[in-house]
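Some structures are shown below for you to check.
Two complexes are shown next, each including subunit A; its partner changes from subunit B in the first to subunit C in the second.
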Partner chain A sequence: MIASKKIVLIGHFGVGKTSLIRRFVENTFSEDYKVTIGVHISKKTLELSEDQSVSFIIWDLEGQDDIKKTRVSYLLGTHAFIYVFDLSRPSTFENLKSEINYLHENYSKIPLKVVGNKVDLVNKEYLTQYNDEFDDLVDLFVSAKNGSRVESLFSKLAKELI
Partner chain B sequence: MNQDEKLSIIKDILLTDEREFTSSIEKKIKSLEKTINEKEKLSGKVDPIIDDKLNNFIKEIPKTLGPTITKTLKEEIKNSQDAVVEALFPIIGKMIKRYIQHEMKLLSDKINTQVNNTFSFKGIFRKAKSKASGVNESDLILQELSNTKIEQVIIIEKGSGIVLAEFSKNITTDEDMVAGMLTAIKSFVEDAFKKESQNLQHIDYDLYHIHLQNFSSFYIAVVISGAYNIIYQDKLEDKILDFTSKQKVSDILNNKTLINQKLEDFFNDDSI
Partner chain C sequence: MLEAYKKKYHQNNFQYILVDNFGAVLETDNNLFTVQPKSLLQDCHPFFEILTDLLQVNDETFEFSCINLEFNNKILIADIIIISQNKNENLIILEDLTKHYNNYQLTAQTRNESIINSQVLELKNEYLLEKETFKNNFIANFSHQLRNPITASIIFSDLLINSNLNADQKNYLDIIQSANKDLKTRIEDILDISKIESGKLSLNDKVFDFGKLLNDIITGYKILANNKGLEFNFNLQEGLPEYVKADQYRLKQIIANLLTNAINNTHTGSITLNVSLNYVRAKKANIHFEIMDTGIGIEASKIDTIFERFTKLDAAARNDKRIGLGLSIVKYLISEMQGNIKVESEINKGSKFTFNLSFKLSNHRESIKEELLKYQVPKLNKKYHILLVEDSELIQLTILKILAATGHFYINIISKGEELVSNIINKDVDLILLANTIQDFSAMDLAASVRNLSREYKKTPIIVLSTQAFKEDIKRFKQAKINDVVTKPFDETILLEKIYKHMK
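Then we have the complex of A and B:
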């Protein structure tokens, strides 16, 4: 059995949404920053067991500094959201709570993973500083650059969606 | 200098010229050949000329035919007013229809530009086809597509863009990606042109026309190669309606294998 699931990545410009997808789908990373325009679709199938696979149809949306500006029609029928912010740029998580609340309020039934990307750029002390803020909001710290916990983000999602 | 010597000199001069002439001709032919071979280059040169001629012709119509038409019309109108009204009625109807079609076309062009500016979808079909058939892309563009063919039929869930069923002939594109992209484009267009309550009915991409038809929880995308005009569109619409109602598609949406089979049975031949 293959189940197809639509996953949408959201978050501010430049937090690494496209990079995370590329790391997951192609296992590559590039330092170049190419702004995503419109929507970019990619696909990757994960095998969970011998007779169960999940095909992720991943929607990479152009970044928005305010989640409310995201085109609602792109979010219809989504099976899971991945909300990405940039650990190295506090401006991308200063409104984290209200952005997550917005998703909870409007899409309460849809699973959501909140990830802080670019963990390779920060150290433990830095993260401790934000402990309280991140504590119950953030699911994972990841790095598209070195691949840390990217695979586990998606395989966790896959299991939850089946 | 004797006669022979003179002759020899003249011959020399003549032959040299001839040789030069020949080689210059040869050069010209070579470059012509090259231009012709590079079809794109040629069409770049020829197209403006054809366009020019066409434009001129259109511009000349009022001058050449105008007076005759006006004169005939004036007389006709004077002689038989009722008949004229009778005769004009369908024409005016057609004109209004054409005007609306024109407006629709403008709108759809506007949409296409928007879409092209927003999505990097272009080329995906042509690339896939050229990979499959081993011909290069520009040859594919030039290839005359005379008969219309159904290349792929995808039943797509609205909103999510997830493929519910699919049937394809030679196309090697990934239907999941196509369905996602189409759904994104559709969402974008239907959002952006909300006030025109525009329903995206088809998208042109390179060699393909993608016919889109809405149902309540899903829509059907038919990828077509060859001519796609209003008549074809109309017939295809009926065929799709026929398919969904006869096969009770709404009732079997969760049985992918079954719909896949039905799609194949129904759309395998190109008759519509």
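Then we have the complex of A and C:
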């Protein structure tokens, strides 16, 4: 049985949303940064078991420095959000709490994963420095570049959505 | 007519598609992409998967802008309108805006890249600044830690030289004194660099006897050069100003560092110091300085790097074990004095360092006289009581030796800050020597505890023995009504000079 689920990736520009999707869908990575405008939609089916698969329809939204600016139509029919920020650029997570609160308040029934990307660029000491800010808010630290925990992110989401 | 033009120039950027409630194509004009009747639109592109949900709602219009689509390797960026109706006939309108959105993409690319780059640069700067601050603090703290033992070493070897020593012992002590002097200079160089890098080094302009300064330098360096078998020439042009206002200590440091550098890099021949007057304008004298040697010289390609920290010219120069901060300090100080240093050099022939500096001319002979006379043992008609508050036994012993040797003072020593007040009240204390920090007390706290006592204690002079001598430290001491500061490492002369000044 295949369940089709719409996943929307949101977050500031340049945090690596497109790279995360490319890593998950094509298992590739490019250092080149190409700004996403509007939305790109891709699809990948993840097999959870012999008789259970999830077809992810992944909406890669143009980066916004304020989540409220996101076009509402893009969010219609969303089954889950992945909020992505760049661990190496504090400006992309300085308002993390309020952004997450906004999503909880306006889309309370939609599952959300908060993901710190580019974990390959920072060390443990650096992460400890932001412990208070990340505590309870962040689900995973991932790296689109080396693939660390990307598959795991989507697998967890798939299991929650089924 | 208009219709003809419209036909010629009008571009149909739209595609209209009719689908049933499941997304199966009923009819389309295939204007933008080809889709077969009866096929499911969801199979054309994952965007249309959304139809499954939206077409369940009747009589609604959904607008989507800037949707990136791809059909047969052709990119199409479109605005899409989906109109759901209740008669199993829903309309989808696509408007191709690829060109428009591609232009927008280029603008967004430039903007975002610029923002990200500036953020990354800011972070890098912050990181470098933190690293630099840590390094400077480390250097400053470490150097301060060295000051107590060096102070003791300098003072005790000075005391020892006047005792009964045989020739061998005197020779050994000469070596110790020379090493002390060297160590003191190097620590001061390191501290200067950390001050320069943290922006804390500032010039302290005062009127001084310019000729005397030059003669003192010449006397000292003539001996050093001669000891190495080098000739020392100097030429002080007639007409040089007698008194100028500048930072005497730093000017001496500039000339001394350049002469030291010249002597270190010269094995045979001579060292020359020329000082001449360029001009006098607006009560300022512009003076030309030249330091020449007949030494190893500098390769043209390395001239630009000699003012960098820790730069050594060659392996032989490395053997002198100096850490190569002198020229870096020289360049900074000259630039702070609004000058510019130039170097001419030829391998195995020698080097010439030149710079011009402008100094304010001064007629303040009186203030100079006062400065020159400041260290004179006053005629004391009684012995004075000095209270020393210091927890370093080494410094206690050092000061005790110095003061006892004069025969002018009674000394009471305490090691705990909390004992200060009880050692002042109803006791004869003419001056307090206070360590900068004693366990949990700062000199400022302790000074405040004295100044808060009754009126008779408000005027008791307090001199702080400090390892910290930045401008802001001096300012803080003044605010705490501390009368003076003796910076570690100090020697007998400096300490007594300050004490006698406040005994007058």
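Note that in this section the second predicted complex is superposed on the first by the 162 of 162 C-alpha atoms of A that agree within 3 Å, B and C clash if a C-alpha of one lies under 4 Å from a C-alpha of the other, contacts with A are read in each partner's own complex, and residues count from 1 in each chain.
Following the convention adopted for this analysis, a residue touches a chain if its C-beta (ideal position, glycine included) is under 8 Å from a C-beta of that chain, and two chains touch if they have at least 3 such contacts.
Nothing here was measured: the structure is a model prediction, and the numbers come from that model.
Colleague: Quick check for you: in the superposed arrangement, does A:1 touch first (subunit B), second (subunit C), both or neither?
Modeller: neither
Colleague: Once chain A of both complexes is superposed, is A:79 in touch with subunit B (first), subunit C (second), both, or neither?
Modeller: Touch partner of A:79: subunit B, not subunit C.
Colleague: In the overlay, answer first, second, both or neither for which of subunit B and subunit C A:63 touches.
Modeller: second
Colleague: Do any residues of subunit A touch both subunit B and subunit C, and if so, which are they?
Modeller: In the superposed arrangement, which is not itself an observed complex, subunit A uses residues 4, 6, 37-43, 57, 71, 73-74, 76-77 for both subunit B and subunit C.
Colleague: Which positions of subunit A touch subunit C when the two form their complex?
Modeller: Those residues of subunit A that touch subunit C are 4, 6, 13-14, 33-43, 57, 62-63, 71, 73-74, 76-77, 88-91.
Colleague: Over in the complex, which subunit A residues touch subunit B? Could you list them?
Modeller: Those in contact with subunit B are residues 4-6, 37-43, 55, 57, 59, 71-74, 76-79.
Colleague: Sort out for me which residues of subunit B touch subunit A in the complex.
Modeller: Touching subunit A: residues 117-120, 157-163, 174, 176-177, 179-181, 184, 187-188, 190-191 of subunit B.
Colleague: With touch defined as at the start, can you tell me which subunit C residues reach subunit A in the complex?
Modeller: Going by the criterion above, the answer is residues 45-47, 49-50, 52-54, 62-68, 77, 101, 104-105, 108-109, 112-113, 115-116, 119-120, 123.
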